[in-house]
Amino acid sequence: MAEKNRDFVKGLWEENPVFVMLLGMCPVLAVTSTATNGLFMGLATSFVLFGAGIVNSLLQNIIPDEVRIPSFIVVIATFVTIVDLVSRAYFPGIAEQLALFIPLIIVNCLILNRSEAFASNVNVLRAIIDALGRGLGFTWALTFLGGIREILGFGTLFRGTESVIQVLGEWYQPMLIAILPAGAFITLGIVVALFNVIMDESFSIKDLFGGTAAVEKEQTA
Amino acid sequence: MDNTLDLTVSSAPHVKSEETTSNIMYQVILALVPVMFASFYFFGPGAIYLLLTCGITAMLSEVAVQKLRGKPVTINDGSALLTGLILALTLPPDLPLWMAVFGSVVAIVLGKHIFGGLGYNVFNPALMGRAFLTLSYVVSMTEWTAPNGGVDTLSTATPLEGEAEVINLFIGRVGGSLGETSALAILLGGLYLLYKGYIDWRIPVGYLGTVAVLTTLVGEQGASFHLFAGGLMFGAIFMATDMVTSPVTKKGRWIFAIGCGFITVIIRVFGNYPEGVLFSILLMNMCVPLIDQYTLPQIYGEVKANG
Amino acid sequence: MEAKTFDHGIHPRYNKDLSKDKALKEAAVPDEVVISLQQHIGAPAKPIVEVGDTVDFGEKIAEAAGFVSANVHASVSGEVVAIEDMAIRIKNDGEDRLAEGIESQGEIEDLSVEELREIVGEAGIVGLGGATFPTHVKVSIPDDKNVEAVILNGAECEPYLTVDHRTMVELTEEMIYGLKAIMKMCEAEKGYIGIEVNKPDAIKRTEELIADEPNIEVVPLEVKYPQGGEKQLIDAVLGKEVPSGGLPLDVGVVVNNVSTAVVIAEAIREGRPLVGRGVTITGDVKEPQNLVVRIGTPIEEILEACGGFKGEPGKVILGGPMMGQAQVDLTAPVTKGTSGILVLSKAEVAQYQEAKPCIRCARCVDVCPVKLIPTALMNLTKGDKVLKLQDYNVLDCIECGSCSYTCPSKIEILDWIKLGKGKVQAHIRENE
Amino acid sequence: MEIISFASAVAGLGILGIIFGTGLAYASVKFAVEEDPKKIEIDEALPGANCGACGFAGCSSYAEAVAKGEEGIDSCPVGGEELIEKIADIMGVAASSSDEKKTAKVLCQGGNQETFNKAEYQGVPSCQAASMVDNFKSCQYGCLGFGDCAAVCDFDAIVMNDNGLPEIDPDKCAECGVCVTECPRSLIEIVSSNEDVITNCKSALKGKEVKVVCEKGCFGCTICAKKCPVDAIEMEDNLPVVDTEGCIGCGVCVKNCPTDAFVEVDF
Amino acid sequence: MQELFLLFMAASITNNFVLMQFLGICPFLGVSKEVPTAFSMGLATTFVMVTSAVVTWLVETVILVPLGIEYLQYIAFILVISSFVQLTELFVKKVSPPLYKALGIFLPLITTNCAILGLALLISMEGYGFIQSAVFGLGAGVGFTIAIVLMAGIRERLEFADVPKPLKGAPITLLVAGIMALAFTGLAM
């Protein structure tokens, strides 16, 4: 049981696909201009991850090794097509905004990696737990990034839905750059750097900008 | 083996020139004095507030980052102050001060210290601050007030969008950013820097020359308007010439300058943004590492060796 | 006449006034000399005397070990008291008995090229400009090479040093005689004497003496460092570039220092081997002087002869301030390569500043006489990019130090470049 | 209608499948190129996602770099610990099973306390640079203490201690020998636990001279050589040299050394 | 003609695939450590982009649309692209080992490069014709090459810089990419 817990937590935090492993960067940057888009993209990806994980785990003994990767892609593409059709039918607004990036889930490194490196080597239960962990890890990361950018860029959270929250008051002048491409890169860069700091076990405030290592070197020199 | 003499050893050379980094920075600040006076003359005390805000914020940010990183604080070298002043001079006179603060912090932290501090930055820090503000607060960054004694036709449009007499542009009696309006003051500072050898003539000449040639060919308003309007003069003399972010080779500087001129004209004539100086210099900053690598001068004796 | 020069370079403070009017003077002979066996580029000489032997002034005490090597002679008469791993110590008996064979070897006209080369080789003459390359090797021209011109280097671009200046003014006749000998040995048609224009008296004096020599020409040079660098000098005088990695010979030129020409003349006309040389003692000493010093004299004694230190000494440099070596041990002797002893005061040394980050001002690029990119070489060395260092021609650096001199961030760029050179050389050795 | 669309789907993909399948099958036979078996094995062990996170152009080129020994085995962030173990097995890196242990060792004890500086050094703080100027440290053979070796060590095995001398952690040392070549004074050597004793000093100076320049230098007293019960120690250049074959590891020499310059290999 | 030129400029500069549309981020971040490698990667990508733009256009017009199975578009495209790339790889490897060393090793990496599939899908969405598709593919490839080579140049220089420790690696690369995107915004037309 402990192992399964670990599988789950790993994906959420210590091996977070976005902030630690830096996988599937394209959608991470492209769709996180609002928390809504981030959340939806995260869920869509999680669904494919989940489905592909189960199927690939079940098929692990059936698929011959030579055609492993192509088969994975077919399986993934099938689930992506499902997501695509469903989202276009039920969430046309968001699907419109995400446009290209729903089909591009097919080539998301994260899903391919989990299929290849994990799901096809373990039993279905572990594959499911892993997919849930990674999927949620991916989803919260996207929502988090989308949230930051949306708050800075619009002053709101979850725009485009009925439960939109006005986080910052009228006084706030929206910072347009946050929702531009440049803002995507910069926000992610800063968050990943912060993650590096937090994940570093010997973390101290001095380390925040890497001072100590350099200073030590100067002193020995 | 006693040694009462207490000698020092080091490898050659044992003498060094008197020039220092901070001296260079303060000389450039000195060259900015006419521009700062002009900004005060045309825009009144508001100019001083902006200059002070940016200068002080930039220096405080520098201290904060260096303290945080546990590095020696090098506030005295003048580089942060210079960045702050240059940033202020590129801002519209009526910009809310909190935006100026924000821009200065971005310039120092994002423009300079994420790369490791002075000397390591790839992009011109002041321009980074300005670009960040431009893209964040489009409206505030494009509201120009008419200067004292100016022609009062430009209260909302940037000089590049309105009609303006070239002589007014030259002296600075048009709306615009603090330090960009008076070509006269900028040229004064520029001549001083050229005379002192703190900037390479190739960059302003190449930059302005390219703009002049191209606007004569394609521009509707003619070369003299383009040369003196907007931030071109200030950019060509004080920002494109920033040592850290321009090429070190002579050939490279020509390429850099001509590239800046080319992109500026493209943006001014075809682009969405009225002003191209800011982005053209940033875009060329990006190319500097490559330019440096591929414009190595022919070394002494290389011709014959190959021939 | 317009002064010629090369591209780039720097203008340091020259401080030559301290000693430029002090005539050459014989220095006192020490009680004991320490004669190094490695005073030249190439293999160290092999001792041919033993402890306890009595030697005469000018007697050969160590023999060249190989082609690129040089003989070493006793600079005093007396007893060999010790042979250490790299030096022979001789106790002076004060008699200065001349060794056998120290007599005129004839005139240039009467001697064949081979005989002349033999005389120069026997006399243990090496380049006195500081590089100490054995002269007989330099003037032994391979059959497939043709020498068009011999250049005498009277640029003396190093700040502070004035010994070449004095030599040109006082020993002009010998210098020209030596130049003719070199021209004969190299079978060269033309001889040039390149002199920086801050030595007008030397130019004037030399021009007077060569009035009747159609093949010899004085070339006034702009005052600039490193004008006296071999390759820079050729560029300035003849407008020729020595190929990268090549020798002056590749463009048909041989360069010698003016002082070397003088000792060649002495070797021919008096049979005197190289046992003494002119040294400028300057800087923070009581009486700056130009002395003719016996090889092997301890630095301490020469400094004392100049009245000792003026204030508290900070640095003692053998050679000039740009390329000289800071010395720790003042009991060390003068060698064939010691062109000057420069003392910098404590205050001058205290001006040293810690290196700051490079701000890419490109001053080093603007001054590098080889047209390298010193700042890039420094970075590549720090980053251990050996292959790129090679591409950036690090091995062509002449180590003149102009980059370090001019750097506003006070970075020892040259040190880094030297380290980079070491890395590249190690890499080349490994791959051989 | 349903059937038709179903059939066309199958047909469409079928056509594609046949075209490309045949093409690939043909190509893989026709264009087969021989490869390093190790590379193939590693390639198979890798996740195969070609994500580029290792900095290489795909799994295959990373595998090749590892097989050639140009790249470490831990650059794939996707594979995790398991993968590192797998590649280690393939490369045989972990197979250092013999009881002989090796480590780099600094053969100098002349730190700041034991030695002094004859002159002050100004310049680039690096041993290599410092060794280019006239010797300013009392002992011309001793450690310069700028830590070039520590800087060059890829395994963080070397730290400079308070006394200005490098200390090497034998557990971290991978005996790669980079520090050995880096030291301008050749003070670092790879020693084996099979060697019983080593001399911790490189000074070829005579006894009196050593005493002046360093408190812990070997001054060539020859006590070790005299006391050695099997005469396995000889003096060379004022330093003892141990004949490893003859040495019985009794430790008499170490106990009698007056300066601790002679030590037992123990790690 | 002018229309094609504008299409090319849009794909390569103003709507740069990497910096403005976030396509091909993985190789952009991963394979931009050195200029020569980055340049090879760019060339290889450009090649694959042009050819796969053409091939997927053909597959779509010749097979998918006539058979009425557009809903299989994703699966078909990805299969076509990956097989096609693999074919090219095998071919280059055999025919010209030096070329393989320079370009071929990048090919497998490109398979999962979302820029390729994204390109094919964009072409289909916009309904470009045959020539337009090829030009669009070329523009996208050139844009990718420009971005990755510039990034590699900057990263080579940053290697000597005193970048704060937590920013080393991906974060600083992302931040630089952000500043590049910032500058590219200025070229919007």
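Order of writing sets the chain letters: A, B, C, D and E. Residues in each chain are counted from 1.
Simple rule for what comes next: a residue touches a chain if its C-beta (ideal position, glycine included) is under 8 Å from a C-beta of that chain, and two chains touch if they have at least 3 such contacts.
Everything numeric in this text was worked out from a predicted model, so none of it was measured.
Student: What are the two chains with the top count of C-beta contact pairs?
Tutor: Top of the contact-pair ranking: B-C.
Student: Centre to centre, using CA atoms, which chain is the farthest one from chain C?
Tutor: A
Student: State, to the nearest whole Å, the distance from the C-alpha centre of chain B to the C-alpha centre of chain C.
Tutor: Distance between chain centres, rounded to whole Å: 47 Å.
Student: Taking each chain's centre as the mean of its CA atoms, how far is chain B from chain E in angstrom?
Tutor: 34
Student: Distance from the CA centroid of chain C to that of chain E, rounded to the nearest Å?
Tutor: The answer is 60 Å.
Student: So, what's the distance in Å between the C-alpha centres of chain E and chain D?
Tutor: Chain centres of chain D and chain E, defined by C-alpha means, are spaced 40 Å apart.
Student: For chain B, jot down the residues that touch at least 2 other chains.
Tutor: 3, 6-11, 69, 110, 113, 116-117, 120, 132, 135
Student: Could you check chain E for residues that touch two or more other chains and list them?
Tutor: Correct list: 26, 29, 72, 75, 79, 83, 112, 160, 162-164, 167, 172, 175, 179, 182, 184-185.
Student: Using the touch definition from the top, which residues of chain C touch two or more other chains?
Tutor: Residues 325-328, 349, 352, 357, 412, 415, 418.
Student: For chain C, which residues count as touching chain B in their complex?
Tutor: 7, 10, 12-13, 159, 231, 235, 241-246, 250-251, 312-317, 319, 321-328, 330, 342, 344, 349, 351-353, 356-363, 365, 369-373, 375-376, 392-393, 396, 399, 401-402, 404-410, 412, 414-415, 418
Student: Give the list of chain D residues in touch with chain E in this complex.
Tutor: By the definition above, chain D touches chain E via 5, 8-9, 11-13, 15-17, 20-21, 23-24, 27-28, 30-33, 49-61.
Student: What does chain C use to touch chain D in their complex?
Tutor: 325-329, 349, 352, 355, 412, 415-416, 418-419, 422, 426
Student: Tell me, which parts of chain B touch chain A in their complex?
Tutor: 65, 68-71, 110, 113, 132, 135-138, 140
Student: List the residues on chain C that touch chain E in their complex, please.
Tutor: 357, 379, 382-383
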